[in-house]
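What follows is a set of notes on a single structure, which appears directly below.
Think of it as A, B, C, D, E and F in the order they're written, each chain with its own count starting at 1.
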């Protein structure tokens, strides 16, 4: 089976984005996106699991039977997540302090299982791996976008404590966009997560539509331009 | 009274969906119609309560005595997955329409964070068997309640003249946000 | 530690057995929805849906491969019924309701080739070889097959005229 | 799953295969995790101890002790009847200071703090461990947001006198934040109770340390 | 004449319109509002005007974006009414931006994204109030005691401007005072008994007349009650929601008060303090967000009353009307679904009536 | 008499004072009469006359066709000008088969129209038959053939005849005038119907805003103890038969059922008059009383009009329009229908012709529904019009049926009170029409399926026959070949064949 990698990438990042199109993985999405940094951390950790689980499941797909597939898939995901959790806790403890809370959440990120079911279990390792990567990046993108929007509106900062997550070099990312901002608590709290997500999604739609309209306009224009030639 | 309080607090105050952010995907996925929402709620209630029970057994007879805390997630999720798969097969056999409706969400109850979340919280809070069951049941009740209310709201929104950019998923998120806003009124209810 | 591995492994075996049994016990043959859906379809086997006929179309819908809006002759009413059956919600405003039409044979052009007669899936065309053909409007589904095959282009698809019995109030213009 | 099914081999549908498959996976998974656990267990414990040490060092200055604060903790019955772990600062086998957790009622749930005292019962430092107060309103009790919590340093029960260990709204000497009296009231209450506890068990708490066999190396870590 | 668009019967119509409905509600609110504005002086007047103006501006903005006719919808009065009711539930000396942010929350998030008037499932003004309360607890819990216009201590125009456009009531910390409900909650949390806790606050008479501290629209229970009765008289609203809501609240308060007078305030206090009356007549009754059948309205009202009592008494917030209304709004579609009127000629389950066997009429 | 309460309803300004005191006047014959073949519910009548034929007044022009149908008679004597399409008395503006009659002005009665001394000597069956032959249909608006209703006694246990003198629609006063001016004829018509139905009790309901009519009927009925004239509260839609019956008898008619299910048959006052005219004078239904009213009409009045008279003559008689009407309505303002033009003829069901000004119609642009629930409390049938309309608007008819769409009587109370001026009834009418159309389509689909299957079967049969023929030919060929083959193999071959 040959795969159109470009298509896979576009799907994962935008068209069939885990969050914006499939509406999966919402719990970690809303739970950790108080700041862009948290979103980024969760996104990266999830991406790792996306890739690893896609690879593992794709490799094992021929010996797994439909009857027990789901238990086995979650087993694989759970093992991966627990291993990541343990090793981070032991060896990159500071990072674990920031992300620790979210990592067990990855197990139940239904997007990972969803992707395992829908793609990895039906495709060979390379495409599966690539799909995992793209879905993970798309998920990360959504997390960071939502985190950033909430952080800016809610606290007036961006990527606060990024240095904690990424190391000192990342401290340039930490911005205070609105000095003396009183904070808009609602945005940081659960309701704000939903509300901001709603606006992001609506924004994406408007963008998609304008792009499509522009494309259509261009197609319409083309023959007119081409004709004289 | 105390048990009632557990159910009340898990269903309303610390609502799994709106406050703890668990089980959101089925909330979004299966709330287009009131009937399917009820079905999903019942299926989840069944699985959640059963999972709370099974995980309690596991914790108290296997993991606890053998000091295998690090295997908790693994074993819990395994048990849950099996319970769900069993339910899936049963539903598929008994009600094709319900199966069609619950679609990919039945297998996804496995990763309905709420199920694992509640099992883990039970352990964290050191709940006894009855408490665990009530906790599981209360959470499921809260889930079903929110799901059904949400489905009602979405059915009404389907008739409303929502601007196209917001129609469908975005407005559903917004409504979830406003519901969660409303549920904040219960904050502090059980702490006195 | 070793005991842990054993116990969990045993647990796995146990559950695997349970699931294996369950899959036997609850085995389902085919998709029972298929038949129910075929019942709902117009049954004219016209092929406008892109499937060879209503049966395959029903299968496609039941398996979620075709949208519930796939059948043009069925229109909104069918889409609604299918959506209900499938438990999905559809945006019916997208479904285009074609004004119902029936075939009409212009007699002065008809040469009696019987092509339309042979193609009509509902036997709505009467007439034999070299006779002028006519359409029995009550049986015509407006599938346009005859329209497509007529060599002399003597067939016209005409909208069905309302009369006092069939007229009804139009939907109020949207506010 | 059509693809999988299409490749199905007859034996794959037997119950035994399902059982073994799931069993095998469970077995493997457990084995992997056990290995992982063995490899990381000690390191994780070590990291946790470090965390605890870090928060203790905020309420007990290093100059007054020469021991590891996590060594020789003492288990006592706390004011609420629950066991309470007391970390002791020791110099020359003399207790020079101690720290324990105190809890006060906040606006949204309990506020957990750690209270550090010297041997005379004077406050060395107080820090919030966890709280759920309203950001922007009740979170001024965090040292990183406001100096308010540092205002307790050097005070003790009697200095000021007991009736002044209240927030100003209740006639005491401690500031309350405008619009959020409940939070500081809860913190002050927690400290007041903590000091009472010290006074009530002063002798037991400050008794010179006898290092017994069991205590040796017993580093207790709280989850 | 004959080329008029084809529109079905009836060709006679009662003299009612959306606009008229909204204007009548505003008229009914006017006396209580005027008293409130008088009691809280210039800062309150500024805030009131700013909130309504901001609502209108956001409404006009969204109509523009969505390409809807502005004149018709701006003049329907619903945006003004939303702003009005929102302003009535704000602390009167809150800073100007509270009004503006509130208007944004009410009109954009609470109403226009759903498609404008009639489409919103939640009460816009209450969405805004709750969101403000949660986001800006400090500004939203600072109340002042009434300082009537032109009285000695009352702020003048300039001072009023300074309060509204400066830091709000925060700017002059000295005059803040808790609302009766807030005070009760704080004092009870200290372990005081109701009698002592209430001893220092305002008497029932003050609550009824509107001289206790509180938000604009909460302060005069009597005038609000009168306005509400006028609305019922004009058939803009029916009695079901207010009566069910206040009745449930009073009933629960009485039961608990009788059981333990030291920890639970009495029914009169509950009815007259906070936004109970305003909520029962003007907010819970919001046509758009409440159920349509009589049974549904009774259930809705009772639910509101129950939740108000529960939140006031057991939960963290001193005042529960806004939350209660939003929570019941979320239930409205379900109530509508399950409690429809009985159809003529059918039984409650929707089956045609059966005569013959003893049933008789249903 | 004890009355029972009904739910809902509204109190529109009745405006009956415009024409209530105007006695019924006879409208002069117009130059042409247009008599549609379909003036009733059911199958159209089938014409019996030809172009150019001379007919006399009361002569049968078209006979009824099918179970539910009614014949049509000549309103006056004259010449048939033609039979063809003519604009119908209908909102759609469609045309309908119509007989055009040129009156000769002699008003010469047909021989069959004979006066009878004692119509009460007729048997119930005879009464019903005469009513059927006279082309009488319900004149309260539904235009359902009355004889069918009179025959209900055969299938139902009947005990009461209710006469609908409510005339609850604003403006209309034709029934009121009939009751005042012809009270004894009305009474006898009613008694004839009661006899035909075989019921003992007659309840004659008249709204309290018509005290003179009540008095007149009470006086006329004084000698008949079975005859009860009852004052009804003035509330729209008191005249709806199910609600009228509930008010008088206290029982609700089961959904999708008839009042006959609870032993009651309802007839209208004008119908009773027509029955009397038919039985006593032998005159079929060829004219009726029409109220011409509305703010735009100069002199509102009540006219006795031959069926088929173009409406413009009525308006002209009343002095024309003083104001350009905003709406031209046939029937009452609540349930009437808009008319495309004044050219359309008066039909058996026309009880009013209204020219309404904008001030009267209060027409305004539609606003979004604000869920005020006024429509819910106004609906006399316990429906939730706002939700029904909302579903219909997005094209989901099924849910609106579940909400009771088919139980809606189309009374218009809901739309009357709607502050958003939503044309609710039009939504319902659209949906009901669409549903019927779908049913027709469904029926056709069933038919189609059957046809398609038959065709497939036939094709299969043909194919099979062909295949068999081919196989047979092949076999024969092979047999022939085999026969030609060597003799040694021949026997073997034959064995194999067998």
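In this section, a residue touches a chain if its C-beta (ideal position, glycine included) is under 8 Å from a C-beta of that chain, and two chains touch if they have at least 3 such contacts.
Model, not experiment: these values are computed from the prediction.
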| item | value |
| --- | --- |
| Fewest hops from chain C to chain D - one hop per pair of touching chains | 1 |
| Result of counting contacting C-beta pairs for B-C and B-D, higher pair | B-C |
| Relative to chain C, chain with the most remote C-alpha centre | D |
| Chain centre separation in whole Å, for chain E relative to chain B (CA means) | 33 |
| Distance between chain centroids, defined by C-alpha means - chain D, chain E (Å) | 44 |
| Chain centre separation in whole Å, for chain B relative to chain A (CA means) | 23 |
| Averaged-CA centre spacing for the pair chain F and chain E, given as whole angstrom | 49 |
| Multi-chain contact sites of chain F, meaning residues that touch two or more partners | 91, 365, 367-368, 387, 393-394, 423, 426, 429 |
| Residues of chain E touching at least two other chains | 6-8, 109, 113, 115-116, 119, 131, 134, 137, 316, 336 |
| Residues within chain B bordering two or more other chains | 70-71, 74, 78, 82, 85, 158, 161, 166, 171, 174, 178, 181, 184, 187-188, 191 |
| Residue numbers on chain C that touch chain F, as the complex places them | 42-45, 76-77, 80-81, 84, 92-93, 100, 121-124, 138-139, 141, 162-164, 166-172, 174-175 |
| List of chain F residues in touch with chain B within their complex | 368, 387, 390-391, 393-394 |
| Residue ranges of chain D in contact with chain A within the complex | 1, 3-5, 7-8, 12-13, 17-18, 21-22, 25-26, 29, 32-33, 36-37, 39-40, 43-44, 47, 50-51, 134-136 |
| Partner chain D, residues of chain B touching it in the complex | 70-71, 74, 78, 187-188, 191 |
| In the complex with chain A, residue positions of chain E that touch it | 109, 113, 131, 134-137 |
